[in-house]
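This structure is in structure tokens; I'll ask about it shortly.
We call the chains A, B, C and D, going by the order they appear; numbering starts again at 1 in every chain.
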């Protein structure tokens, strides 16, 4: 039996939202599509920032590149214009093109005017390389998988969603264990209101020897299991959502804090790791067709951001652990296997690994 | 008859290369695929930095975002790692996904090890919105068009290539005239050697009232033709290539100079314009599989960059003008027409436009 | 007699403010202190963004580094927090320390709480190297000169201020002529209101052979005077002020447009040139001691920025020309002399230069 | 008696250099000047990258702004040119001007040609706000203190230097305990050679409740001492030095890893914290007066950086702890006191604090 107490965060400073999930931010929904078929271990995860038309009612947003060994799309325009105007799609690296193409088509269907009476649209696609478990060269993600994941966001609205080895997380590895999708949320009690801040992560980074969980390092956890020393070619995507009134610049500042949460789990930002953060706030909307030339937005005074920065760190740390705790063992291409954190903790695993 | 003398650059400071083209940089080749069928006015332009395997022998590179209202891919990794490892594809905005997907497949075909024994690959796709002339919503670019353009780079190696309303430039507009593909080159006589610096542009920006050509403003050229005041939703892509030994940081500095060349033609960097610069040097190669841990690169001392900066400005200015001079009139979707610069200069046009 | 018509901008698209000066933006004032004593040809220029206490009522601001061969201070915090909380001081490169120190003291005097009950303060100092005319090694700027310039902002409030070879501009060179302080303004007629946008420049860059004035290149102006080919070790500081409601991100976008104005005068951003832009808006204030946690700001919808971008280009171009037109000939250290643009235009100069 | 075992890093992956100090990087030397006089608790720390003339033989360098609520100078030019050409001075925020001025004078004395036959010089000054313990408004640092610190680098060459409440660290606070100067080093065994990587930190950030030491959180250490909830207005400066052949871009990548080391001690990058990293390599020199136009530099292939990134994380974490372990209790202005970590660990302190 795994010692579950290890997996509890005793240092938590913030209360969690109802589901301890990014879905606790009202209107945010997440949907998956998973491919699990022998050497094909991959998938798609879609996130919708709000229930309305995201193109005509954009949300303030920012992004931050922790390490740019990655192929995500859409970041340049987020940076320039400070908004997001599409759902966010997560998938494997070599399927970014398909995801871009499919998301464009989805947006064209929902918005007649794109490409005719108005300009184009900025698809946001984030990715990690699941090639260890998945036949990534096969480019198995097709257009209908993207659509399916987008459709599934709707059915999950207001409810939780699966985590671990699902959706884009199906083939991902984290600290040489099975990683994937994780989430967490914090309630930030400010003077003016209670706000929710949620994190969604797609984890695919790290080496076992570096892993630490709520302050307990690998050595204490697993008798210092040494893994085969393949270079860390992973990545991690972090999405931060909040209902607090943060400006795009403040969201940028928020995004830069995610790295602290990653570091608490042992990460040191390996050279080959594409580490990308996107943050958005659902509080203010930016109309594509404004009724007036001048907009009016509320935002928090800078003196009140520290709680959010601290919460972002906590939510990201816990979302990473959640991705590990939630993921079941997966065997994929060429018999490659990633065991689950629970198997590691239970101790049964160690003998088996040593046999290899 | 157009007054051709207007179209000559009397202020040139640098000699041009043999073809006054980016192909003057040894090993650089450019190929097009053009779709010209009624409302379908679009295409693909591919650029190969050298004749070898660009994945196993990468080139030092940099990028610069003048204005980030754009959807180009691959820039984050260029910025992080300072290299390019694929051909560069130019196409229309809503076909970036297809181009990404096709370029991945092309790279997988050429390199067995991608996604299995080594990591993934970083496709560089740049785009402008040709929706004024082209039925961009139709997403008419398909995988075979990308392949065709890539194939055509080979046949153009060491020779020139078509400019104007061809390839990715087929549907583009510049200063409300017909724009598209333009190129130019400069010979930089340094102490150590003669170097070549070439520019390739995909022009799709600007309003007629702002246009100026080698110091002569719109008013002198065309009796101040006033265009319908649609907002400037264009873009411009600039690629700079050189055989001079520049480091990635120096290439970044070079890339930031392109804006001066654009400005000389009248640009003020409109809000809706995605303006992206990519620069690379063919002198040093970065091996994917290094024989030794330590590499040795030559590069120019910083004191010797000014000639290159000045040349980049000149080459970009002249490449923009070249795209206008080379482009023939195109009529596309909904009867939208862009007249050529030559038609404007000839004067016959003015009456026709005034009739509208 | 100089042909004054050359010096008029016939391409102007925007009406100027009352004084064609950055002071046309209500509340913005500029003051100088000038040292003119043989080999000592230097000075200080101070700019106050508004008449109140700039520390307790900060203004939204942004900065942009065109070329970072410069020693300006305060930019990191402007970038992070999106505001300015001190006057802006311009001076020579080696006097930045003195200016920093003096501006701190000025701020401490005006604000008891800095460094005790509240944090510190972020002094914004910009600089160019006036070492060609000025004995810059002498570090002749002292604390009282900074104070004097700050005091002089008050007396100039609502009026114009001297331009050319005054204040920080005293020892500066532009296109190998006498440069210095220049200014200009544009009235931007938007749907909601008439806004003012003003530019202040400190010009110290460029080579004579590259100079062009409202489309007329060096050759037409001066029979292609060739200067001694010393490397371009200059710099330029641009400050943009507006009363339009722009957010810090929008001000950043505005700042990136200044380079187009510089390019129109012939600049190609030389390697040794520190080119820095600071922009701010006087419309919204950011309180150091907010009454409420949540602030409410107005700002323009992104679709309405193009006029401001175009105006910024025009104002910067004209401010550079203004610095040249306003500056009188100065002779400084080791007999080094910079002639005025008017002398060049008059034609008398050419024979003299050719004699050298 | 403090439980010293808590203060040992049992997770160390790399061997330390001889002194476990940034001085282990050959040629790097550090000197202090300390002011300890009642309410005056401040100082200066100077670092010399090598023993030669740093202006004529610059070193490749990079910088990274973790959080830009800071007033450090010189970063813009490091970013643009990829080198450092002066010693690095650390001091308190309001003395940056004095330090800039003094460092300029020091450089002028050592280099006749600055400001006459060559351009100017880029002083690198970093700072934290020591206003809690120090009468920072008094601006007590004078020119001779800077000179003294610079002189002291020479006597410390090849030896260690004091850490804790000395030099610029005299008045600094870390996790609401006494912080200041800390250092550490790692030996990186690469294929080609053994390299040394050293970190120097000036710590002035964090809240006690967030502190954790080698995985052990505050609660385990001190029975969850709660501090008065003043906002975190601190800062931290990190300097990374190595003798490995890293290019400026690689040094930039190295600098971005420092944040992981900070995060391991509990940091979440508070809003008011100026967190700056500077990194340099002593392996290649960049001559101010090059003998040839083309330089030749060695650098590590990108695949071999991970050990350095991991080492940077470890060295920064340990340097932060070193600053706390080394610092003795200090009482400064208005009776403000920071107790030492050792006092906290010993347990005696807790009763005293609870009495307050």
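To be clear about the criterion, a residue touches a chain if its C-beta (ideal position, glycine included) is under 8 Å from a C-beta of that chain, and two chains touch if they have at least 3 such contacts.
Just so we're clear, the structure is a prediction, and the values are computed from it rather than from any experiment.
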{"item": "Which of B-D and C-D has more C-beta contact pairs", "value": "C-D"}
{"item": "Per Cα centroids, the chain farthest from chain A", "value": "C"}
{"item": "Mean-CA-position distance for chain D and chain A (Å)", "value": "33"}
{"item": "Euclidean distance of C-alpha centroids - chain B vs chain D, Å", "value": "44"}
{"item": "Whole-Å gap between the CA centroids of chain C and chain D", "value": "34"}
{"item": "Overlap residues in chain D, where contacts from two or more other chains coincide", "value": "67, 80-81, 253, 272, 302-303"}
{"item": "Chain B to chain C touching residues, read off their complex", "value": "10-11, 13, 66-67, 209-210, 212, 215-217, 219, 231-232, 253, 256-257, 259-264, 267-272, 302-303, 305-306, 309-310, 312-313"}
{"item": "Residues of chain A that touch chain C when the two form their complex", "value": "80-82, 190-192, 245, 247-249, 253, 286-287, 290, 292-304"}
{"item": "Interfacial residue positions of chain C with respect to chain D in the complex", "value": "65, 67-77, 79-81, 93-94, 96-105, 108, 114-116, 119-123, 129, 131, 136-137, 139, 233, 272, 274, 276"}
